[in-house]
Each structure stands twice: as C-alpha cells, then as structure tokens.
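We just call them A, B, C and D in the order they show up, numbering each chain from 1.
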Amino acid sequence: MSADLRVHIGGLELKNPLMTASGTCGYGDELGDYFNVSILGAVVSKSLTLKPKIGNEPPRVAEVSCGMLNSIGLANIGVQRFISEKLPKLEKLGALLIVNIAAKRAEDYVSLADALAKVSFVRGLELNLSCPNVKEGGIEFGTDLGTLSSIVKLVRKVFPRTLIVKLTPNVTRISEFAKAAENEGADGVTVANTYVGMAIDIHSRLPRIHTVTGGMSGPAIKPLTMAKVFETSKAVRIPIVASGGVFVWQDFVEYLMAGATAVEIGTALFTKPDAPARFLEGITDYLSKENIKRIDELIGSLRVNPENVPHLKRN
Amino acid sequence: MSADLRVHIGGLELKNPLMTASGTCGYGDELGDYFNVSILGAVVSKSLTLKPKIGNEPPRVAEVSCGMLNSIGLANIGVQRFISEKLPKLEKLGALLIVNIAAKRAEDYVSLADALAKVSFVRGLELNLSCPNVKEGGIEFGTDLGTLSSIVKLVRKVFPRTLIVKLTPNVTRISEFAKAAENEGADGVTVANTYVGMAIDIHSRLPRIHTVTGGMSGPAIKPLTMAKVFETSKAVRIPIVASGGVFVWQDFVEYLMAGATAVEIGTALFTKPDAPARFLEGITDYLSKENIKRIDELIGSLRVNPENVPHLKRN
Amino acid sequence: MPGNSVLETAITIDTLEVANRTFITRFRSPKIACMVTPGQFLMASFPETSDPLLPRAFSVSDAQEETMSLLYVAVGKGTGRIAKLKPGEPVVMNGPLGRGFPDMKGGTSVWVAVGGSGAALIPILDRAARKTGTEITFYYGARTGAQLVNLDGIKNINHATDDGSKGFHGNVVEMLKEEMKKGRPGQLFGCGPTPMLVAMKKGFESQIQTYLSVETPMACGMGFCQGCPVRKSGEGDYYLACKDGPVFSAADIEFEVGR
Amino acid sequence: MPGNSVLETAITIDTLEVANRTFITRFRSPKIACMVTPGQFLMASFPETSDPLLPRAFSVSDAQEETMSLLYVAVGKGTGRIAKLKPGEPVVMNGPLGRGFPDMKGGTSVWVAVGGSGAALIPILDRAARKTGTEITFYYGARTGAQLVNLDGIKNINHATDDGSKGFHGNVVEMLKEEMKKGRPGQLFGCGPTPMLVAMKKGFESQIQTYLSVETPMACGMGFCQGCPVRKSGEGDYYLACKDGPVFSAADIEFEVGR
C-alpha cells in the first residue's frame, strides 16, 4: 500500500506537498505539455495585479553560479483576463489552484482578494509581499512588520479560504514576519521569495539585469532558505510552504524535515519542466523503502537539539 | 609599463587590492607553500580571541551547491600565542598583515585591540562583528546598530592604525551598519561575512553541521554580496573590502566595478591555494589589454543609473 | 503549425569542428527531429550538475529522420560542454520550441542573411526550400574567412567578410543592398547578431516582407518565466521571444536602444 | 619527514573498475608521486566548474616513479567525475598532504586491517614493506565478496566478509581477534570506516602500537580551514585530521560519540 501523501494548509487538503512556485510556470496551464498537472498538490499561478503589467525592460534574466537572477517586474495579464482566459483551462486540467497576488497599495490587495474570493475554483491565495523587483511597494511591505500585519488583516477579512503569506528572505529575522502573519490569521506562510542579488558584465561594465539588482533563485539559495524554514518552524504553528532551490526530490524531503508542510518547485522547472512528476516518483519510492506510512511524519523530523543552534538561541 | 595597482584604506597603502579572507588561510603563514605571500595587498589572519578557543564539535564543514557551510566556532590559538609564534613567521614572509579579532564582550575587543596596537607589524585590524557560529556575541553585535557603534567607538580609541569593520550580511539593510561604522571612525568596512545556512542529511535525519546552521560561503553567495557591496557603496565614503564567493579573477573586477576598493579571497583558497598569484596575473593582463593605467579607475565604474534600482530607490 | 514540445534524451552521434571555435554536433533525437520546422529551437540541459544551471538555447540546424544537428560557437560553459560530448553520451533536449520562419510556398524566392552562429539555420532552411521548390539564396557574413563554416552540399551561398578575405568585402547588409540593385526576393529572412538584425529592419522592412530570428537571454524557452521580452512595434507592450518568436516579422518588433 | 605539498596538474592514464562501484585510476603526476609516503593523501579538484566546489580527499594508493594511483568508491559527484576521466584528461591534485603511517623499520612485523575504500592503502604499504624488509600482513574485510578488490601481485591478504561469501565469516576486527590468539604483530595499522576504527581502538590499543587513518569531512586538506577536528585523548582539545593526521596513534585520539 502506498503512503498517505496528504497535507493540509488551513482548510485546504493537498493530495501531496508538491506545489509549483509563482512566476516559474506561467499561469500553470502550459505545464500540461510536460506532465499531468492534476498530480500536483497545488498549482500556484504567476503574481497577478489588478491591471495588466508589461513588466521591466530587458535583460530580465541572468545566470549566476548555481542560480539565476530575475527581474521580471510582475509582467502579467491582470486579474480579470486571468479569470476569464486562464481559469477555464486550469479547471479543465484538473489543477488545484492557489492564486498569487501582488500590489502596490493595501487597497489593491483587498480588491484582488475580493475578486478572487468570488471564484470558488480559486482554493487559496498566496500574498506576494516580497517581490524585490518593482519600484514601489513590493519588498517594502515585506520588510516592515506593521505594513505586513495590516495587509494580512485586511485581506483576511475578505478572503475566507486558505490564505498564505509569501515572505521575503531579505530581512534580519524572518520568523518575526511569520509570527505577524500568523497573528493576523494567515493559514500559512511561504518561506521564501528570492534574494536580492546582482551581477555585472565586466566587458560592457553594465549590470546583467536592467534593474541592476534582481531576485536570486536556484540551488545556490537552498541552504539559506532551509535555515529560514527551520527558524520559522520554531516560531509559528501554522504550516510553512518552503520555496527555494529545490532541484532533486531529496531537496523536498530535506525541507519537510526542516519543518515545511509543502514545498514549491520554481527554477527547476526551467531545466526540467516535468520535475514534479519525477519528484513524486522519487518521494513515493523513498517513503516505501523507508517504510513511512504518512508523509506528514517527515515534517520537522530533523534530529536536533535546538540548544546547539547559535542562530536560534539568540531569539 | 604595468598599471598602478595600489589602493588605500585609511592610512594604509596596499600594493594591490588582493587580500585573503579571515579563517580561510589559517594564520597566513602556511600560504607560503603555494605562493609568495608578499605579493598580496594584505594577509588577513584567522579571527583571534583573547584566550585560545578549541572551536565547535564536528562536523564543522559541509558542501552545498556552489558553496559550503562552516561552523568552526572561532577555533584559534589566542592573541598571545599568535603574537609570539605566528608574527615572526609572517614578518619573515614579508606579508602586510591585517589581524581579524572576535570577542563576546565589548571589553574584550578593546583588550585585543590594545594588545595588537602595541605591535607595529600589525598594520590594520578587521573587527569580526559578524561570526554566525558562536553561541553568545558574534552575530548579535552585528545585527544591532547600537552595539556595533559602541564597540567601534571603543576600539577606535585604542587602535590608531587602519580599522576595518567586518559586517554580517544577515540583516535587512547592511548599509545602515556600514554608516554606523563610518560614523564611529572606522577606516573601512568588509562586506560581508557568511550567510546563515543549513543542510540536512536525509538518511540520518541529522544536520550536516553540528551546530545545525553554519555560515555559507563560496560562489553561490557572490551575487548576494555583490548587491550588498553596491548598496553600501552608495551609502558610505570609506573604502569597502568585498568578501564573498570570488573564484576567478573576473569576480575581482566585478567587485571593484560594484564599488569595492579591495577584495578578499576565501573559500577559493581551499580548491586553489595559489589563487591570489593567478588572479594577480589575470588582473594585470586585463588592465594592460584594456589600457587601464590605475586600478582605482575601476572602483565603482559600473555604468548604471541608480534610478533603475528598486532596491536603492527605497532608501 | 508546430506540434507540442517534448523532453527527449538525445544521444550524441559525433562532433565536428567546422570553423574557429565553431562545431556541429549530431544527435539521435527522433521525436524532436521529426517535428521541428526551420527557425524553431530547443533547450539543451545537463541534469547531472547545477553549474551550468539553466538550459541553453539552440536553433535546430538540420533534421532528417531520427537525426538532428546543432551548429554552435563554443563561447562558454554550456557550449563548451556540448562540444566535449563523446559519441553515445546523452543530453536532455526540450523542443521543438517557438515559432520558426513562415512556411515556404513553392515558386517564391527567399533570400536569407546570416551572420555568426546564425549559419546554423542554413542547412534546415535549404532542406525546406528544396522540398517545397522554393528558390533560396544565402548571404553569409563573418569578420574573416576563417570564421565561415563550410557547409557541404549547399549551393547558393554568397559570402561576405569584413576584412575582404573571402567573398564580398563588407558586411552582409551592405552586400544585400548591392544585390538588391539587381533584383529582389519575395521574402527576406535574417538570423545573426542583433546589430545585423537592426540594420536589416532599418534597411529592408518597408520594401520586402522581412522575418528576423532574434536572440535574447532565456531562462526557460517555454513561456514560463517571462524572461525574454521583445518590444512590440509602436506599443509599450512586449512579445516573448520564446513563445511568440524567435522569428518575428521585422515590422512587428522594435529593438531596445542602448541602456 | 614529508616534503612540502604542491599543486600539480595530473594527467589521467587509465581507469579500471575493480569491484562493485570501485575504481582504480592511474595518473601521471611526477612531483606528487616521488614525495608521497604511505597514508598521506591528496586533494583532487575540478577547476572548470563550481559544482562540485571543494576538492576531494584521497589516500594515494600507489606511487612509482612518475605514476600514482587512486583507489576509490564512486559515491557522489567528485568520485563520479574521476571515474569518468578519459586518458589524457587533466585533474588538479594538491599533495602530498598530512602525516602517514610511521616509517617501517626492517625486521618488524606489521598487520594492517582495511575495510571499504581503506583498501586503497594496501599497494602503497606493501611496496614500502617490501622495500624495508618488513613483514606485512593484510586483513581485508567487506560486506560481501563482490565488494572486495582483487589486488594483483599482493600476497599476504586475508579476507573477511560479513556474509561469509569469501574468507573469514565475520568482520575484520573479529578476524584480527582470532588471529591474535596465535600471535601478535609489532605494529597494527587500520584504515577503513569509522566503526571499524572505533572497534580497533577499543580492542587493541592497550596491547599493540596501533595507528589509525581517520576520515573526516575536509574542506581544504591543508590546515587552512580548521574544518577537520579529531579529539585528543583526555583533553578537550582537537587535532586537525589533515595536518596532524590522517594517521594517528590510536592512543592519542578519541572518537566522537553519536550526537
């Protein structure tokens, strides 16, 4: 008998902890070329804004050692076209949908949440309070505790289903932000978005990303986000969605052991668009070999004495 | 005629911007097996504490994608044995020496600085206010503006030569810490120490580092530290020493363009203990091909409109 | 219309160095080979390492039955690795991707300007032209003769070199302008470095139906990342090079001016 | 006393698969080959990539004139890469590093217990013993016969397997205890997995001069990083495996108890 892979975030049951990361699989519908998206725990769609956004000038992407920088600037078709054009496709594909939203003003988050609350196929929201690549708002919300709290509170009022807050890692102590989200009624936190990074083409002396700095993702950031997931798991009781640098199924298991309830696959999709299907096979095999009956037994199963951790002791 | 490679930090003239990073070449004396250390701008020795320290339990190091985690715990022979045993060797090797010091209490920083001020061969101090791997003090100093300021102020009083403050990158806005160091009279800042990271061995479910989290270094962190060097260069006038992920000589040039005055080689020494000699050749060739007469023309030479940078606009 | 793209583990057949730092590698890649149309590309990746991390984009240079070839200039980590593949070694290919050149219709004439690694497109375009009975002529430029790839069996190639060491003395756009004094094609295709494409757009788009294959940095090649914008003419909006291109009608797009 | 260590670009000669996932690769590496003593190691690195990043530690398995060989189990990225090196391909070696076994003196007898990749040390120890006229006997254990490397030309190897498929039925420490009932060597050497070394220390250090080659994670191999501590007996202090070891007198060190 195969293991029970189900996990829960708020009232939402995911058939397994595999999710896609926002912005790394378009609106989710195009993944269907490479595997059946209904096998996923959840599809998280590209950050939507109230109005369509054309995004930043190129170059928007650059490769660095074991990672990449991006500065897409939230290019997206806007919430209305998403609802009319993309939702029917995703419904047909049998995806469980979590919609990621971003805005410059608190009111806009509320309008977005309000619009999406009316669409029952949208099973959850992921609030992007952490995009490092837009000139106003974006990361600012995510680095100020008060602003974060007030946005979560407002959105919580209008969105009754699962609400996840995606945090920026570019802060001194991410667990404080996770606690603030929990206090305002978030059902989960995503740890974390990309790290502010930069690279220069030394021949032209130009930055390799038009906005100079961009968000760094990929295997290079995995140990950093791992530490942040662990820190957060010691601070909150709500589920943690890990996001950062997953490239092989073992990374998935590592995040669960560090305390995550679900894990997003981002940059890996660019190289391996069928990664979720492969990971699911790898994890299923692993569970059966290790004779683990329920995947949630892995969550936070790291064998560790928190006393050993200088990083935590200081809390 | 070959280019003028000299750069200055406070009253100190370095013959070139290449430095070693503290803790990655022992006390500096052993580098001599692989190249002539007198070619370096400066040797920065392993963090010294007042009393000898045995360091953390193993495992202390683990490899991750394009990087490594370490948790050495400041294992060192203590300042007195350093002065009596290591200094004579370094003097014989013709090294220009900057000593890195670490402590748990402000008074201890002062005692260390006082002891080293008396040794004229010690041309500069690098204050490690950022070690992530000790249970008390360490990073704490580096994440609190007030503590940082007061330590720099006290040390400044007793140490008359070049004083560099090594900052932690594990904060929301590193430039604020750089400004605080500048305000208290530091001659330069090192940007930055290692990033808090973590990795798990999924088979044993044990952390791969005894202290669970460790400091991450190597090419993986280069884009992150690059962004922090750039941010800092827009905020302070004192020289910046870049430290993070340098692996090829081009990385050196990249850091100078981003605003650094000197650059430390750390983890690269483990794979290429002769890296400084190789880098110096690469840089010298590059300068002559590009017809650059003085290396300091490269400092901050990135062609960029700071208006484009969301990360800076928010200051 | 292009079919769906697939992930295929292609098997290296052999590699030939065909010019200075320039290679042709052939692969057994039956699924992609049978679907690809001229101007489409694929993303090659190296699953056993994270450095290089992202897949690399290559136009398919030729495809016949189960065999497909790439023609590339070894400039960095990815191309360097491909050039070192031993016969029998696998590499993961995602393709065919994007929209290629418009289908050729017999009886028309097509001129193709190529520069640098744009030469990759000569074999596949020539094969398509022969199949449809389209009259095709290539104008192939390089800095110097040593950089020109000798493509066996393909006639109708006119060379241009900046230093005059082979063929026309000057760049390929100057050569086209000379040729246009004598006659004009039904369609003009271009693939090569951006400055060449900029000059082609400026020089010819108002006179001839011109299609250009653009190169931008790409992270995914599949429309997932929004990393490859190409500005739409007249509008503030963008196409995606990987989904809407890499081949565009010159009239539809604008090139970014220097930053 | 060991000479200084050097960075040398070694050239691959050939690779042989000698047991399940176990390989011997020979290199032309004249500088290191002529300096190394039994038990010393080197760090092999891959300058063209940052993944793997750190150099990998290997005991030198044999050295003669300009040729040196490594015997290793392909467990991950680094060993996997070495196993794939083609004849003529270069790899950067830093060595010889550390302190090896004590110099052998003719006329004494040495017993050597090896397990797993510790078998690497058999050829180099055997060569040194023959040179000095030392009587050497190897006790070589593995889980099962298929994992035992067949080392040509080396006599005096007694095998032990956990499953009894070859030689003594049991582990190598049990075998040693049996043998000790009949007689005793002047010195006892051990190299293999940590549990084996722990059992040797416990079983023999009080009776025989015992030297153990320890394995710890290493970042640099040169004493630069302080990453490889080995606890000193009785004291709270540490040795460094790479500088003070990897070979230690069993009496001088303590093994970490489970965390």
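FYI, contacts are C-beta pairs under 8 Å (C-beta built on N, C-alpha and C of every residue); 3 or more make two chains touch, one makes a residue touch a chain.
On a predicted model such as this, the values are computed, not experimentally measured, just so you know.
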Farthest chain relative to subunit B (centres taken as mean CA coordinates): C
Length of the line joining the C-alpha centres of subunit A and subunit D, rounded to whole Å: 46
Rounded Å distance between subunit A and subunit B, as computed from the means of their C-alpha atoms: 33
For subunit C paired with subunit D, centre-to-centre distance based on mean C-alpha positions, whole Å: 53
Distance from subunit C to subunit A - Cα centre to Cα centre, in angstrom: 36
Contacts with two or more other chains, residues of subunit B listed in rising order: 65-67, 206, 210, 219-220, 247
Multi-chain contact sites of subunit C, meaning residues that touch two or more partners: 50-51
Overall pattern in which the protein chains touch one another (line/ring/star/complete/other): complete
Residue ranges of subunit A in contact with subunit D within the complex: 65-66
Subunit B-touching residues of subunit D, taken from the complex the two chains share: 4-5, 7, 45, 47, 50-55, 92, 94, 216-230, 236-238, 256, 259
Subunit C residues touching subunit D - in the complex, by the definition given at the top: 48-51, 77, 86
Contact footprint of subunit B on subunit C as seen in their complex: 50-51
Subunit B residues within the subunit D interface of the complex: 23-26, 30, 33-34, 46, 54-55, 57-63, 65-68, 70, 72, 75, 206, 210, 218-220, 247, 267, 269-274
